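The same subunit A turns up in both complexes below, where it pairs with subunit B and then with subunit C.
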Partner chain A sequence: MIKVGIPRALLYYQYYPMWKTFFEELGAEVVVSPLTTQAILSSGSSRVVADTCLPVKVFCGHVLALIGECDYIFIPAICSVKTKIYNCSKFLGLPDMTKAVIPESPPIFDIDIDINKGKRELYRAIYKLGRRFTWNPFKVRQAGIAAWQAHLKYRQLMSIHGLTPPQAIERISNKSEAKPEIPPSSPTQTQAAIAVVGHPYLLYDEHINHRLIHRLEKAHYKVLMPEMLTAEELKLATTRLVGRSYWTYEEEVVGAGGHYLESGVGGVIGIMAFGCGPDSLMMDMVHRRAARLRTTAFMSLTLEEHTAEAGVVTRLEAFLDMIQRRKRSQVEVCV
Partner chain B sequence: MRIGMPHMGNLYIPFKALFQRLNIDFVIPPLNNQRTLSLGVRHSPEGMCIPFKLTLGNLIEATELGADTLLMPAGSGICRLGYYAKTQEQILHDLGYNIAMVSVGVSQRKLFGLLEMIKRLSNNAPWSKIISAFRFGLAKLNAMDRIERAVQKIRPVERIKGTANKLFAKAIKAIDQADDYNTLKKVQINCIDQLNQVTKVSKAQPLVVGIIGEFYVLLEPFSNLDVESELGKLGVEVRRTTFVSEWTKFSLFLNPLGMNEKDRIHKAALPYLKRDIGGDGWESVGEKVLHATEYDGLIHLAPFTCMPEIVAQNIMPSTKENIPVLTILCDEQIAKPGMLTRLEAFVDLLEHRRRAQSNSLRREHGSLSGH
Partner chain C sequence: MEAYLGIDVGSVTTKFAVLNESDELVTHVYLPTEGKPIDMVQQGLKQIKQQLPKGVDIRGVATTGSARYLAGVIMGADLVKNEITSHAVGALRYFPEGQTIIEIGGQDSKIIIIRDGIVTDFGMNTVCAAGTGSFLDHQALRLNMSIKEFSQRALDSTTPVRIAGRCTVFAESDMIHKQQMGHRIEDILYGLCQALVRNYLNNVGLGKDIQSPIIFQGGVAFNQGIVKAIQEELGSEVIVPPHHEVMGAIGAALLVHEEMAHSHEGSKFKGFGISEIKYHTSSFECQACPSLCEIAQLSLNGQVLARWGGRCDLWERSPTS
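Here is the complex of A and B:
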């Protein structure tokens, strides 16, 4: 059986169930790299030039971790998933860049996803990928449809049931167990809601964000994520803030940030990676909105490989203290 | 309505000519200087690239001089450039400036989009007038670039360093003042004549270094600390394919006709990078492959945190075609002594390499004649 490796980084959090279903329907086995560790991050950043952004360094580390574990590695070049809205250069150059910096990597399955070229090109790209496993176009078609269904289900688990991507992926993987849902249904002890906005590969990689979400939950805050909003809400908020979106993954930063700033949550934390081109602009837009509204506390945290845990914890504590104090003073004002 | 726009090299001269002929009130902010940079850095998001910071500084300085309508290039290239205008508008509004931003989408509608914008700005001037003004602006642009190419050839071999630069500055001034095609032509011929008469050192072939990388930092000497003149002082001839006149020639006139000068470059890049990644990343890789045999070395200029150039920088070392490449990242932290040291070391390396190559050639010849 052919083993296809998928690095647990970048777009894994967005599309893993879809990719997994596609390859499994075609009779391949899917291998995922382990959770990010310091060793993975270091090995990845030793391969690329120093000012490459953090998520790409993590990605290279995961590719290195997959060497010897699989026959092929799947790295799509996702140019655009909506018309006239483009992705960051690093996503476009990802397959070629990986090949250049990790020459010993297993052969790479790359596939061009570019909606601007029309549906026909998209189907042809999917078919070309499927042809590596079967000659039968109908089988590829079936796998594609199944993959799309899996993706829709995954989105639903997140937006309706309020699961985070790792939780949703786990839920999909062990179908049989069907655990009873234990959502954070203890409103009595939750302090306030804190929204965390940013790209999924930063929010859910616990190594690089120093378990930020876990820390917030431990302090009894209800944590809100971009994935918990519906596509409609995200799009509306983005339009209000910047007009038509420019980047593919703009909605999860600008849309979610804009939405939560106006929705009366206790505070919003924007997470970005150092050296990320789109983030440097998008987070600034959210920041400016927050400064103009003056209703919701906002903090932006920049992550990089040198970010020390103590630094993150200190800033988080200061931010939470500020929210507490704000709340108290508001109560006094009301009285 | 007073129009302001950011600087890029001497691009303000053709625009000035164009706007003057159409009676549009045009403000030229001070040429890029330390204050421009400081203003830009202070008000930009920290992770932004140097073109954003400098252009923001220009816009602020133009606004201070009374500009109320600012022109900014935009378009759906895949790099951050398309988002510049949106963000800079917000920054200027937050600073309390009441301005209107006009984004010039050159990438989609090409020549026609540009002409339409000029028509709007000129309060509906007749097309004949717009086109003749546009042609005159283009003529100035072409004259400047032709002289610059000649200057690039003289800089490494002139006996008194700085002569070519002085002549260049004089010519730029004369071009700026030229009022008709005749004077323009005279200035151009004069300057190239004078350049050819500059006393030269009798040196064997100078080293040839290609300059590749991101468009803005290539064309704005302030952002790259005038790397070309510095190389000239070290006796190195500089070649560069990126010129604004080339860009206008192709992207405004020839691309719509299906001609693309970059096809050759893209084809060369294909084995290493299969698709356009926005900005000039694809071209950087392609130029490295193409020039590997033609030049002694390459200097790759990129703004710090430039996304397409980082991808190119990661890919470049893996190409089969081998040529020394020095990447210089431009940002507000770059300092001249540091850059000069790196340039000197690089030029030393290239000289060694050339000597080693000619020695091995001689040895080969020697052994052949011995038999």
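Here is the complex of A and C:
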């Protein structure tokens, strides 16, 4: 059986169930790299071209971790997922860059996803990928449909049932899917809700974000994520903030940030990666909105390769203090 | 007399402040950390004890600054608070009408935006420490002058030179270049002050709504050149409060006073005797998972008091095992 490796980085968090279903439907076995560790990050940063961003370094580390574990590595070049919306150049060139910096990597299955070229090109790209496994186009078509179904279900688990991507992935892979129940909200969540917005590869990689979500939950805050919003809500909020989005994956930053700022949560934390151009532009939009609204506390955190967690911890503590003291003063004013 | 002790263990200096029950500053101590936070906490404590009048009852202890957890364990702190909140609370005690706090310390710089006495926004330098106290110290050392002389001579500048302050490495090579071209040292020093202030405002102050009254505190506020450069750049008066260098410690003491007023328990303070105890610190690499965390531990007579530095709670949960 062919073993296809998928690096647990970048778009893994967005599309893993879809990719896994597609390959398994075509008779392959899917292997995922382990959770990010310091060793993975260090090995990745030692390979990349100069001046790249943290998420790409993490990605290269995960590719290195898959060497010897699989026959092929799946790295799509996702150029656009909506018409006239563009992706960061690092996504566009991901398979080529990987080949260049990790020559010893197993052969790469790459596929160009570019909706700008029309649906026909998309289907052609999918068939091209499927033909690596079978010559029967109907089988590829079937695998494609099953993959899309898996993706919709994954989205639903998150937007309707409030699961995080890792929780949803676990739910899907465990097949214990009689009925997806809402995770019981623990009674300790006594504080206000804090929304954390940003790309899933930053929010759910506990190594690079220094367990930010865990820290918030430990301080008894309910944490809200972009994935818990429906596509419609994200789109509406993006339109209100910037009109038409320009970047792919803009909605999880601008849309989610805008939505939560307007919906009266206790605070919004924006997470971005050091060295990311699109992030710095998108987060600025959210920051400006927060400054104009003045109702909800906002903070942006930039993640980099620092091993010391002090930067994240100090800012987080100060942010939570700010929210609490603000709330307390409002209560005093009312009294 | 009841008193509250605040300790701010920063990267470069360690600060102590003791407040009485009406939150007035009784005494303070300002020491260089010199890379030995534990020794300095002990030494400072000894000095504080000498300076305090007889019969002072410490009713609460708070620690802040980058070594706040370490200092908290040693002292038996009732409150461990981040330096941003501490600085804001300290400054507001003296200037309740303040709207912006600029704080430049040894390794980091912050901006705190305040409206109606409440923190509404803050910023801290991210990946770059350009423009903080340790760089100014380094430059003074390179030019073979004290930081006091640096501050005075910068004020004598007539035509400041332009220096790129984005990065300390570039700033230093710019300074050397200007010096080799024959520019006056005063003009180079003030040019550096201007560059650092520009860098601060473009980096830490980016997108922040800076309104007066502006309070400038932290160790770097001793530097008259920087104070002048900030005033010029912002076109506004800047207030340097008295005891600005220990403001974080004052804030921590205020916070612990507030905390203890709501608490029914007594202080966990271990007493002034701890300045005589020999603490031992060590570290090891955890092998439990591939994360290979560096765990630091503090021990006393072979018994571990605290451990931290892990990505998970494994060591923090069970310090004794």
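Rule of thumb we're sticking to: the second predicted complex is superposed on the first by the 321 of 335 C-alpha atoms of A that agree within 3 Å, B and C clash if a C-alpha of one lies under 4 Å from a C-alpha of the other, contacts with A are read in each partner's own complex, and residues count from 1 in each chain.
One rule holds in what follows: a contact is a pair of C-beta atoms (placed from the backbone, for glycine too) under 8 Å apart; a residue touches a chain by one contact, two chains touch by 3 or more.
A quick note: this is a predicted structure, and the numbers were derived from the prediction, not measured.
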First, second, both or neither for A:284, with subunit B first and subunit C second: both
Residue contacts with subunit A in the superposition, subunit B compared against subunit C: B
Which superposed partner A:274 touches (first subunit B, second subunit C, both, neither): both
Which of subunit B and subunit C A:207 touches, first, second, both or neither: second
Partner chain in contact with A:156 - subunit B first, subunit C second, else both or neither: neither
Partner chain(s) touched by A:314 [first = subunit B, second = subunit C, both, neither]: second
First, second, both or neither for A:325, with subunit B first and subunit C second: second
First (subunit B), second (subunit C), both or neither touched by A:34: second
Which of subunit B and subunit C A:295 touches, first, second, both or neither: neither
Where subunit A meets both subunit C and subunit B, residue numbers: 274, 284, 288, 291, 302
Subunit B to subunit A touching residues, read off their complex: 45-49, 76, 78-80, 82-83, 86-87, 90, 94, 272-279, 281, 304-308, 310-311, 313-315, 317-318, 327, 329
Of all residues in subunit C, those that touch subunit A in their complex: 66, 81-85, 116-122, 124, 126-127, 207, 209, 289-294, 311-312
Residue ranges of subunit A in contact with subunit B within the complex: 48-49, 51-53, 77, 79, 84, 86-90, 92-93, 95-97, 99-101, 103, 110, 112, 242-243, 246-247, 272, 274-281, 283-285, 288, 291-292, 302
Of all residues in subunit A, those that touch subunit C in their complex: 34, 37-40, 206-207, 210-211, 274, 284, 287-288, 291, 294, 297-299, 302, 304, 306-307, 310-311, 313-315, 317-319, 321-322, 325-326, 329
